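Look for chain A in each of the two complexes below; its partner is chain B in the first and chain C in the second.
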Partner chain A sequence: MKRFEHTSATSVQDAVRLLSVQNARVLAGGTDLVMLMKEGLLATERVVDLKAIPGLDRIQQDRGEIQVGAMARLADVAASGLLIEKAPALAQAAAAVATPQLRNMGTLGGNVAQKVRCWYYRDADRADCYKRNGSYCYAIFGQSDLHAIFDGAACFAVSPSDTGVALTALDAKMVIAGPEGHRIVPADGFFVGPDTDYLRETVLAQNEVLTEVRIAESDLATKSVFLKAAQRKSIDFARASVGVAIAGGPVVQRARIVLGGVAPTPHHATLAEEYVTGKRLDADVIAKAAALAVEGAKPLRSNAYKIQLAQGLVRKALTRLAA
Partner chain B sequence: MNEPEITPRAPLDAEAAGAPPDEPISRRRLVAGGIAAIGAAAVAAATFGRAASAVTSQLPLSKAVVVSDPSLCVGCLACEVNCSTWHASVGRSAEPRIRIMATSQVKLRAELAAFLPSRSGYTPATCKQCPTPWCVENCPTDAFLIDPVTGNRYIDEKACIACGKCEVDCPVEWTGTLAHKGEAISSKRVSFDATKNVFTKCDLCIGREGGPICVERCPVNVAIKAGYVRSDTMCLELRAATPEQFERTV
Partner chain C sequence: MAKKKLSEKEILALLDDPQFHLAVAEYPTEHQDEIDAIDEYIRRVTPSLAPWVSASNPAETRIVGKRVKRVEDPVRLTGQAMYATDVSLPGMLHAAILRSPHARARIEDIDTSAAEALPGVRAVLTYKNVPTEGGAKTGSNPDRYAVQRDVNFAGEEVAAVAAEDAHTAREALDLIKIKWNVLPSITDMKEALLASAPDLAGTRTGNKTPASAPTKRGDFAAAYASAPIKHEGTYTTTTLQHATLEPYATVVRWDAPDHVTAWASTQYAPGIRSGLAGYFGLPRARVRAIAENTGGGFGSKTGANRDAIIAAVLSKMTLRPVKVAFDRPGNFKAATHRFADILTLKAGVTSDGRLVAYEGFNYGDAAAYRGGASAIVPLQRLYRADNATFTYQGVITNRPPSGAQRCVGDPQGTWAQEIFIDELAEKAGMDPVAFRLKNFETKIDQDTKRTWASCGIVECVEQGAKAIGWQQKWHKPGAAIRGSKAHGIGMAAHACAHGAMSLPMSSVVRIDQAGAIDINQGLTEIGGGQSTTMMMIATETVGASLKDAYPTWGDTGFVSDTGGTWGSRGTISAGSAVRNAALDLKAQLLVEATKPRGSSNKPLLEGKPEDLDTADGYAFLKADPSKRVALKDIVSATGSPMMGRGTHVVPAGVAMSVFAAGFAEVEVDLDTGEITLLRYIATDDLGKAINVLGAEQQIEGGASMGIGMALGEELKFDGPGNFPVNANWENYAMPTALDHPRWADFRPILVEPGDAIGPYGAKGLAEPPTAPPPPAIANAVYNAIGVRIHDAPITSDKILAGIKEKGLRA
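And then the complex of A and B:
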């Protein structure tokens, strides 16, 4: 690993100031950043540790909102009574991430802002991968088991974040601090696909810090669920996942059905969302919605299995919410 | 395969159109010098339109146009993304100048379909580098230009006043469904970038060493060149923009 400077921010403003040098990186739990640095995938001259900033790990309720600090550990998000009651999809997504050790280290902010897990990107010999500022995607003619079935554009790596899927389903808002102050971005607009910029996964600029996520207290958030399918069930990244949130009942008034692990960003199954709105979730409606959720999928050579996987997860998630 | 060169080489007959050999050809120069160059018939024309048409017919053809073979396109969008990324990197509009249309009637070649069965039905399409470029002729500023060496028709975005005359005159459209997220499109291939307030079109990546980035980075082209896919055509390739090619190009 190349030499770098370790700094510890005492406030959000301090962190933004420390990030002003080129190639400075935010250090939250470090479970992804340190790997990227060791593998030489992320040039880093300074890391800005956020752990010493007071209050950035709080999980609280305030004026009709649930506020979760970006430095909240995934283990705490998973165990939060408030989230389990008011936004269960987020707690379930946090519980589904990796292993207990990693959930004790990893943070909510780090999980949503992590880099892709594409095996070509992570392979030191694939220097011409788009994510490494190259000019080729090996997944198109190579092994594409992990890759996108929706919205691939030059690069076919998928968003690996479980909590990002849940937050998108919950219509969360992401609070971002930067040199100009704070800005709030809906979760929908937080993730960046390769059609916009294949070098980034989120809208976060190099000198910005995700400080908090906010979820409006609502029927939608309360009636939510997250499900995930992974090859090694207890520890792996999602081969496919789904976050579903439903408002109303027994007739659905509003629905969010978001797929993970199948696209470069959390993927809204818009056709399925529109289809279930105004309907009762009986078995036929659920089956049709699950089919619509994967309509338009364009798998590569070896990831067509994700269609069935995602369809099954949507069916299970809707069935659970209908019960 | 013999690809036409689009990097500068032997000068074309630019002087005949009223421009010094190393200066781009524009409407203003056509009006100033072109009419004299093409003779009395054009000078005698009563209206600007007729005169300009006569001038236009004397313009050099583009030595290159990007053409596609839809039976080789797997809809990966590398051409669109690289087009946007490169143009933005040199300060031009990030609007893609090439778009992949979803065209279900097009079938992927068997050799590729055996490998990527779900990725059939795409047609990349871009500016056809018209033999008679009305866009150049009717541009009221010197924004729409012709490279005197390559014949490439391109827009100088710094000079574009976004009047839209070129869009009106453009004879080719993208109409239907885009491969990109299945979005509907109905647009001329000279298209408007609201962010930069300019019109934009395929400029064959003018100024880029190596020529058009879409041709260079198309992964099917890469696979063909590497011998992984056998084909006597490329998914995207450069051909001379002759009137006959104009009729054949999608």
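And then the complex of A and C:
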């Protein structure tokens, strides 16, 4: 690892000020950033540690909203009674991340803002990959088991965040602090795909800090579920995941069906959402919705299995919510 | 075939040859003539014990056969144990290694000027300054230098930097500029065998290694033609990496002019010594190798690997101690690997379910440096087939060096055989357990006609079937589907030669005036519980207490070269030697106890030596145990420590074979293709457990490795680039603790028929438990969903494809 300066921010404003140096990076749990620095994938002269900022890890209810601080540890998000009751998909997604050790270190903000896990991007020898400002994607002709079946363009790395999928399904709002003050972005608009900019994963600018996520208390948030399929359930990133939230019942009034691990951002299965709206979730409707959820998928050489997998997860999730 | 005759000189040369020790461990059956000659020689030259010292296995034991917590564990569990990676010496330099990003290439030019100019850098090693004269090669095929100009696999070492600290060394690597000539490469065996394939190693053999003669008995073709039931199938396994917790690591201190000390992570400290001595053309006496602890080997640390060689070259260049520790990607890329294989099996069965014709053709990935890669041993010995032909052909590819991983090829052979046998049983209309029991060979090695000293395979299968509830749970394939979950059970059996090699192992057991027992033997302690096992054997045999013993190991300054800790040989070879040395010591103690001595000219105990026995630190009269004297008092009476000598002597006319079985119960999710391993029962014929707790731990560890091979481990290579894409613990899916069945459902069962060769009836144990889990799980998956997986590992994408094909889900 190259030399760098470690600074500790005392407030969000202080953090933004410390980030004004070129290449400064936000340090939350450090489970991703430190690896990127060690592997030489991310150059930085300064890290800005958020751990000392008071209150940034709060999980609370306020005026019809559930507010989760970006520094809330994944273990605490997973165990939050409030979230388990009011927004179960988020608690389930946090519980599905990696291992107990990593959930004790990693934070919600870090989980949604993490870099992609593409094995070509992470291989120090493959410096010509698009994501490293090169001009090649190895996954197209190489091993694409873990890559995108939707929305790939130049880069086919998938969004690795489990909580990002849940937050998108829950219509969460992301609160971002920057030099100009705060701005609020819907989860749906927080993640950035390669068609917009293949060097980044989120709208966060280098000198911005994600401080909080807000979820409106609603029938939709309460009736939500997150499911994940991975090679090893104990530790791995999702091969595919799904976050589903349903308002109404038995007739569906509104539905959010979001796929993870299959696209560069959490992927809205809009055809399936529209199809189930106004219908009762019986076995036939669920099967049709699951098939619609993967319509338009364009697999690479070795990831066609993800179509069947994502379909299976949607079927499972809808079946669970219908019960 | 005529038996090879060896002169005494040739025998002594083999006993002193570390390469032979390794070869014998990996392929005992291919070296049977040499082994026989050595065994015969050892039987001839070893002095026999006094006739009144019993070497037969006693009916009752005080220490052997009990559950003992391993004495070597607390120091590890508290983080105090010192590994090669922990060694830090005054003035020590840290090395970093530059690896080839290409699978096959030649370096046209290399510019190290900027790296050398970086402050803190003390040496840069490339093909331009690497020693190439004399013995300066690493003993592979083809030989390689400490760093290469011609690269044969992605990740191969091409340069090394020694610097004042590890960060500087790492930074210097980025400053090295290389002009590459990238050459066509292949990592797929089938592609390498195509007529159009480039000649990867300049052998002009179609990328094949020299052929060995097939193993033949009877007339396969005729028997197959007339068999009423026929079956054929092809089964493959892939490249695996041991992923030892401690990667390759060595610290070398080169003292002027030529005294070398190496602290190594190895299974074979004497092999580091002979390897470095050979490389630099030094007498072995000038090299000392120390391996106090080794963080896992599993067959990947059998001699002086690149870490040791590079550390030694850099230390010689700088005259400073140098540490080389592979990083995790480096270890995944460049340590030795378990080889991939393709095995096609063909068999004919009688209408009443008897195997009469059996054929196997095996391609093994000999990879970039042409390791042996045969998987046919389990085919030869587990099932009786009077007409059989087994053929092995190695293939040269640009995969990283192949070698042993908890057996050389047996897990690969058993993967194929046990799925095949399951399919055969179905064709014959028989229950898979009954079909196996009907066809096991339980008496002899069918090719050498040697009698096995013991065989517990029937008991392994019967006990395992009972434990898992085979009678109640086994059903027709796909007959237990509820909702999205399918339930299934499956089994596999296994036989191998491991633990059977008889390379002599010698030991010295000492006792001093305080009664302290010191066990000196040449095994290197690698975490298999070897130290505790040796202490139990020594103290049981001498008649002392476990607390009186202390083992020494892993330092060539103190122990002789008696082969490495591999091939499941430790308990057999070292254990026998320790037992014989302890018997020799016991005999001396009893003689001394009955000698008249002192001014009164009276013995410590009245009687003849044969009237005495020992236990719990005392010698006593068998007729009246109250008449006793402490062993330490006997030693004190003689005035100086006493020493017993012993070697492993193999009885004539018998052979050792080791057996195991595995029973798996799974649940398959039809929506996601995920497999949950609900239960796994491992039954192992280990002859006799010396330490019951240690044996159970070995079996659990071995089964765990097998579960990894079954459910996810696979080093994957980029299509066009032929470099590994998952050279890390994130994407190389070793099972974590949570991926195993819960504690109570992950059970080892010990089968103990006793054996005439090993100490107290013990047989080899380390490797056999690894082989059954993959085919047992594959067979359980078939039982659950009716889908056969022939290509390991069994991953959800393959399961999903099968589910789709069967129409189990839309």
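As a working rule, the second predicted complex is superposed on the first by the 323 of 323 C-alpha atoms of A that agree within 3 Å, B and C clash if a C-alpha of one lies under 4 Å from a C-alpha of the other, contacts with A are read in each partner's own complex, and residues count from 1 in each chain.
As a working rule, a residue touches a chain if its C-beta (ideal position, glycine included) is under 8 Å from a C-beta of that chain, and two chains touch if they have at least 3 such contacts.
Keep in mind the model is a prediction, meaning the values are calculated, not measured.
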item	value
Fit or clash - chain C, chain B, common chain A	fit
Most chain A residues touched (candidates chain B, chain C)	C
First, second, both or neither for A:Y198, with chain B first and chain C second	first
Contacts of A:L50 with chain B and chain C, given as first, second, both or neither	neither
First, second, both or neither for A:F141, with chain B first and chain C second	both
Touching partner for A:A154 - first (chain B), second (chain C), both, neither	first
Chain B versus chain C as contact partner of A:A177, first or second or both or neither	neither
First, second, both or neither for A:R301, with chain B first and chain C second	both
Touching partner for A:D123 - first (chain B), second (chain C), both, neither	second
Shortest CA-CA distance between chain B and chain C [superposed frame, angstrom]	8
Overlapping contact positions on chain A, where the chain C interface meets the chain B interface	141, 301
Chain C contact footprint on chain A (complex, rising order)	1-2, 40, 99, 117, 119-120, 122-126, 138, 141-143, 145-146, 229, 231-237, 239, 287, 290-291, 301-302, 305, 308-309, 311-313, 315-316
Parts of chain A lying in touch with chain B, wherever the complex brings them together	135-137, 140-141, 151-156, 194-195, 197-198, 296-301, 304
Complex contacts: residues of chain B adjacent to chain A	74-78, 80-82, 84-85, 115-116, 118-119, 180-182, 216-217, 219, 222-223, 228
Of all residues in chain C, those that touch chain A in their complex	101, 167, 171, 174, 329, 484, 669-674, 712, 716-721, 723, 725-728, 730-731, 733, 735-739, 795-797, 800-801, 803-804, 809-810
